[in-house]
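A, B, C and D are the chain letters, set down in written order, and residue numbers restart from 1 in every chain.
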């Protein structure tokens, strides 16, 4: 909906303290009445200089810091970092550690997508899905707390293994949860996704064309929402994803052009179903073993550099580590998916209305901790 | 003209549909846990406040070295030859007297990296989560009981990182 | 295409301006003349054998004697990845922007400027992105001294 | 009001008062009575809303204040807001800022004069009753625009402008839908309309003919928009405009806005109940049993059902965008209500 605007312009500051900017983000809107001519995002309010910290503490101590980047999906953040250092040092982990890591990463993906769906309902105006999603997410957090003792920031993945093994009876509780959870997703769909008002609010809004998405380096559910079938778990399988069969949901544009807010939202909901399937297969592949057998006593990676990507719920997370053979990483650069999606926000939100700005921002599902690092 | 009425019908049907789902949830059991009267039952591995059994602590400083946020400060001094031999509960001999063992819970990031290298496993994370205080200094827990015999410049064991 | 072929393609295409290539490392890379970065970027993107249309990472690295800009490129169609590096002197690191080739470079270059002081000529609005606009010094440089106050507030 | 006047004559030496006081006193007493009824109803409605929203979202809602299921929660909130500091931002338009909440409440409160709670318990029987209600109902939008403009905050200004556009464009379909009831009832006075629906459920206008049933739905949807309830709560959209027109209000003024919103909700529900569901008339057909329940109990029962439906809608639907709101009013509700009036008029003429 490209509405050109005329007449003088009023700048409206949305943020950094605003109920629906998903964190401390400031949007400088140039508005004429309801139409927004230009939305300039300002970031940096949550910058905690993670990369400078990482250069001053040793490899194992960087783990808890990576949790703090994307606090909604901390498990996937640690996993990315740990896999990169293991690949640099050439450590092989046994099958039990790989399966537990897949289970934890996928459970964390379900929890993160539940936050995304819940807050998106809240941004569009209906509060009930928010409460329902957080009620289901609570069970996942209990499973995490029972295994590693923490609910949100786990430090569960260590370089070469895990902090603790699964408690007995964990698999039974997990399967019970999955059986209870899958019909709940259809419940949420009937309440929100198929609601005509919701479709009207999100279907023809915030169109991100595939070429624009690739050129802006958008990855993850936002890219798949635009119809590009690309997922690191299928494209460059790590951790044993190659012998788990699951599909990649892609936006098909059922209600209006491909790449609208509704498509991105629906890709996340379908991904939750796929994650449930992955967790079931990973639980089946669990084999007994010691989870801490290949944890090195002293972590001193060889001189060199490494770049590795993993599929975190918000997109493709990349760690670029340069090591000079010492105890501390020489340089650690993080490629954050939300950072690149945010750079495309200005392009996508040109000519939208104020209510659409919130809808577009919610459909990108950004977390400011990861953008500002 | 047809799409006008189709949209109208679609709007009505989906609105009634989502109202039906909401109606059914009116009668499902609510999941609220009324906190002050009913306490949350913590799983036994949960990582909340740190606790150090000072009798078993041999003052090695491993925990202070591995902590990412430097919230543990330890000061020890050699025990004299004449003093009686004391042993930790698991038999390791204690050669250093720790007269300062402070954990600053405001800086702690609850990552439990310190509980693993402890040789006598005296540093553990308990399940206590209700310890809010009015004054920040009360969050610095002092576990050491002995007094320093020879007063000398405090040698801070934890390497002072950036 | 394997990293070896990519390295060969680059040296054959640009000869002397490709300084050094290491296709067999864990992360295959080749060092490139900073002045030729825009041409190589356009070639790497437009050439259908390479078609690197996804700039994954653009980051600065501060080695004691030089500052490097690292471009990790990925191709959606051929599914292969390659890294380009440009080495610049520490005093006045400057390089041409690749924003016209990959739009994602806009914010990544602003972050490299903010953290290392690398000036990207031709960039649409080169401002600091993470630190406040009037922040002195470039935080991620190795010789960065922490300011004690910022606008006379203790830091 | 006549019954109140007789009651007052029982006071000894009532005739000694000057003539003017004798005329004004009944009005004052009935005004206080209406305010008390409204305040009690609002207290109950706020508590009900929190309980309904809680159970829809699998929560419990207020449980502690005042014992069983926290019945005194709203009273506690009102007291809290009374004690809260009443901030008036520096560069606001003082007079407008202070008057806005009272004007919004006035719009709802004044309309209760003509609403018949029971057979004889109404304040006056204006012969242009329903026209008066529609006229006074549009007063609250003036208050909202005053609040939006006076609090000198861009978000409030947006909220005020949106409220103006929304309420004006939804008054027309609701007024036309009311006409669909006035034609068969033959009179504008609310008491006449209720008398026309006496004698059991089959005489209610809602079931009189399909046109009036659709008019009831059109009126209900349009009244939702007039009261700023989801899916039309755009003036105070939490996720876009922070809190819309009452962003800068705090303390007692904010409580008054809250009171006004629920009073408006109450007014709209009572008008709908009087017009379409036969005000205080009985449910069972007159042939089976005469009216046993007193009028007001039946009336409040119907009003509570309608208020429950409004709350139920609020917690299960998302919010529409401003242009979709306008589309719904001008392109959907207005044509349909015109057709309905045509239909009702065609049926009312006995060929």
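Keep in mind that, in the parts below, contacts are C-beta pairs under 8 Å (C-beta built on N, C-alpha and C of every residue); 3 or more make two chains touch, one makes a residue touch a chain.
A quick note: this is a predicted structure, and the numbers were derived from the prediction, not measured.
Should one ask which of A-C and B-D has more C-beta pairs in contact, the pair is A-C.
One simple way to say how far apart two chains are is to compare their mean CA positions; for subunit A and subunit C this gives 25 Å.
Chain centres here are Cα means. That of subunit B falls 53 Å from that of subunit D.
Look at where the CA atoms of subunit C average out and do the same for subunit D: the two points lie 64 Å apart. Per-chain Cα centroids separate subunit A from subunit D by 45 Å.
Residue positions 15, 18, 21-22, 25, 31 of subunit B are each in touch with at least two other chains.
Multi-chain contact residues of subunit D, defined as those touching 2 or more other chains: 56-59, 315-317. Residue positions of subunit C in touch with at least two other chains are not found. You'll find the chains touch as A-B, A-C, A-D, B-D. Only residues 10, 12, 18-20, 34, 121-128, 131-132, 135, 191-192, 195, 197-198, 200-201, 353-356, 358 of subunit A touch subunit D when the two sit together in their complex. Residues 8, 15, 18-19, 21-23, 25-32, 34 of subunit B are the ones that touch subunit D when the two sit in their complex.
By the touch criterion stated above, subunit A contacts subunit C in their complex at residues 43-44, 47, 49, 51-52, 87-88, 212, 214-217, 228, 230, 235-236, 304-307, 309, 316, 318, 320, 322, 331, 333, 335, 339-340, 342-344, 347, 372-373. In the complex of the two chains, the subunit D residues touching subunit B come out as 52, 54-60, 63, 312-313, 315-317, 332. Within the complex, the subunit D residues that touch subunit A are 53, 56-59, 154, 158, 230-231, 233-234, 237-242, 315-324.
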